[in-house]
Amino acid sequence: MGRALMTEEIVVEAVGLTKEFRKFRSRPGLAGAFADLFARRYQVVRAVDRVDLVVRRGEMVGYLGPNGAGKSTTIRLLAGILVPTSGLLRVNGMVPWRERERFARTIGVVFGQRSQLWYDLAVRESFRLLQRIYRVPEEDFRRQYGFLAEALDLDPLLEVPVRHLSLGQRMRCELAAALLHDPPLLFLDEPTIGLDVVAKRRIRAFLRELNRRRGVTVLLTTHDLGDIEALCERAVILDRGRVIFDGPLAELRSGPGGSLEEVVHAIYQGQLQHGGGERGAASGLR
Amino acid sequence: MLHPAYVELARSRFLTLLAYRENFWTGIAVYIVYIGAYHFLWQAIYEGREALGGLTPAQMTSYLAVAWMARAFYFNHLDREIAAEIRDGRVAIELIRPYNYLAAKLAAALGEGVFRLVFFALPGMAVACALFPVRLPPAQVWPAFFLALFLSYWVNALVNVLTGLAAFFLLDNSGLMHARRVLVDLFSGLYLPLSFYPAWAREVLGFLPFQAIAYLPNLAFAGGLRGGALARALAVQALWIGVLALAAAALWRVAHRRLAVQGG
Amino acid sequence: MAGHLALAAHYLAQHLKARLAYRADLWAGLVSDLASQAASLVFILVVFEHVPALKGWSRDELIFIYGYFLVPFSIFNATSANLWNFAERYVVRGELDRVLTRPLNSLFQVLLETVEVESLLGGLGGVALMAWAGRRLALDVSWADLPLLLALTVGSVLVYNGIFVALASVAFWTDSRSGLIPLVWNLHVYGRYPVEIYDRWLRFLLTWVLPISFTAFYPATYLLDRAAWRSYALATPAVGLAVFALGLLAWNAGLRRYRGAGW
């Protein structure tokens, strides 16, 4: 009964969400630094373009799109890292960037390409620091750590300095670090990038368990369609900042070509063909 | 004697730095900040006195300006480069090249020195002259000054080579390299002409190579060295270059043998 | 606030642990700090062999000022490493992402993510110099002065940090390190000598534009009992708060422009 009620609850709500970057070219050197203080030149690039998105509690949503489509920027907006240029955004009942510090307690974030942990410290110390940063009471911390340690087999890693961890080991620790404060919403930006098959399966199994048993809502970006097929029932496809598909995975699979990869490839290609020049110009700015 | 490879090394270092020449404007500004700080400080210290440590207030400002800008010329990170190459083993690769490792390092450093002279020290000196009452020496002093400056460059470079090579023998020589930098600045007379030190300290410093890096050329510039004293100063510099070069060569031989035995 | 302090202490303890694992770096840092302090002291000692006073300030008074200078300066240096490379590390490489996902003030995190513990020892040297010079000057220091001394020190640290937070924030607009950072850092040499040695314009600049004089000279004169500078000395905490507020303003404005690395 409670579960049915919970799925109705809206966790993420975005209307016309837009993020523009003003690209600035700095002049080198001291004279340049002085000159930059007075006169600047910009170029406007729209990374996220009027995105509408609703995510309900308990969903696992895969966020797809070719490189440079604006996936990471969307995740950063939802996570309160970036301030939107325009549009409405509510996540966990808050405006993320405006109440950033309060909001941050209610989410977990994992960037596959970047570590959340302290490079020189043992894993245990990183966890303890996070406990303090999130002000997790000792008892809650123990309970949550117990769950994570068992699911991710963390105990053998606790005394290892982060810099000595393999990528797969590090990723397990990153997931734990993002979940120590037991957030109801988890953002994952390419969580399986660079991992071998065994490590990937392990992470996917963990995420499934987290979602089914703990009811954690998960939003993930990935280039690995295997992640999406293993985890998500719903996919959102983004291209040049616009949402071009939002629906059940089954609907995608039933498209021409049969397999998910064929369909997604066709979608990417189609978009690339009639907008190729523009895309090239946009990525040339980077 | 001058192997073309060495000329090429010096040239390529010069060209590399040329790509970053904008960065040196900040360097000039920082050096001007220091010349300014010590200029005001010394003016207050003189407070109407005719001379201190054998220098008039005007000579002191000239001394300061030329001391910092000469440092802009002779300063380099030769020790850090050598230590880094020793630690990560690149030095073993250098050994198979058909040139002398230390000579190659010194050649590249000379390329850097020429760059620093043209894009850092000379424009910096022009700025210093515009901002502070620097008195340039009479024409007949210039050749001797530039000769002294050139020699001071080699003294400093060889001291750097020695501290860099220490990485062969010490587990970690970065503390030594840091200390070397501060000691060279202090004992070479960058902040404080050596004539200010008490007699006993002057005597000790007289036996050290640091005076040959800054004090002697700067004093020549500020007009504190004439005739026989100037010739003697140049001889002291040349002597130190000889001694330090021998020491560096000896240290390198020991290191080289060790490298051959341990295989790097 | 108390929570932040406890957390800062915890960060510090962790850094100490990490630093001790690389003892060679720690020693190198210590040696270079000590050597440059010794050089500054030698300068003062040698100069005063030749003159009895510097614009009315005695040798021991200058050493006292230098001792004070070391305390806020070393605290600032210990916590400012990330302001130096803020542009490359946090803006261009996008490490601010991680900072912004945590329920803590972002500037607080950036300042504490790298603490060069060994720099703090320079501050202890400064306290020792103040004690030594203070004794020779027979300064009348009571326990009641301690809270004020603490407030002055905090004020000086805030002046440094405020200026550097503002300079680091420039990276939000330009994506690159400001060439002004090394330039302004080196201005610290102007703070530790009596302002009387500078001309009118420079004095104005160092007091009201880039208030470097509040990082050492002005506050140090409080204990030296110089009536002429008393009001300046007592203004130090307020100046520190004002400069830091400006730095925060720049920081918060910059955060809204932060764009992260990649799309």
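Descriptive notes on the structure:
The chains carry the letters A, B and C, assigned in the order they are written, with residues numbered from 1 in each.
Criterion: contacts are C-beta pairs under 8 Å (C-beta built on N, C-alpha and C of every residue); 3 or more make two chains touch, one makes a residue touch a chain.
Since we're looking at a predicted model, the values are computed, not measured.
Chain C has the Cα centre that lies closest to the mean of all protein Cα atoms in view. With respect to chain A, maximal separation of chain centres occurs for B (centres as means of Cα atoms).
In this assembly, the C-alpha centroid of chain A lies 53 Å from the C-alpha centroid of chain B.
Chain centres here are Cα averages; for chain B and chain C they lie 30 Å apart. Each chain gets a centre from the mean of its Cα atoms; for chain A and chain C, those two points are 38 Å apart. For chain B, residues touching at least two other chains, in rising order: 23, 25-26, 29. Those residues of chain A in touch with two or more other chains are numbered 28-30, 32.
Each of residues 179, 183 in chain C touches at least two other chains.
Residues 24-25, 27-32, 35-36, 38-39, 42-43, 46-47, 49-51, 54-55, 179, 182-183, 186-187, 189-190, 193-194, 196-199, 202 of chain C touch chain B in their complex. Listed in rising order, the residues of chain A touching chain C in the complex are 21-22, 24, 26, 28-30, 32-33, 36, 40, 47, 67-73, 76, 79-83, 100-105, 107, 109, 111, 114-116, 118, 120-121, 125, 128-129, 132-135, 161. Chain B meets chain C in the complex at residues 23, 25-26, 29-30, 33-34, 37, 40-41, 43-45, 47, 49, 52-53, 171-172, 174-179, 181-183, 185-186, 191-192, 196-198. Against chain A, the residues of chain C that register as touching in their complex are 3, 6-7, 10-11, 14, 17-18, 21, 94-98, 100-105, 170, 173-176, 178-180, 183, 255-260, 262-263.
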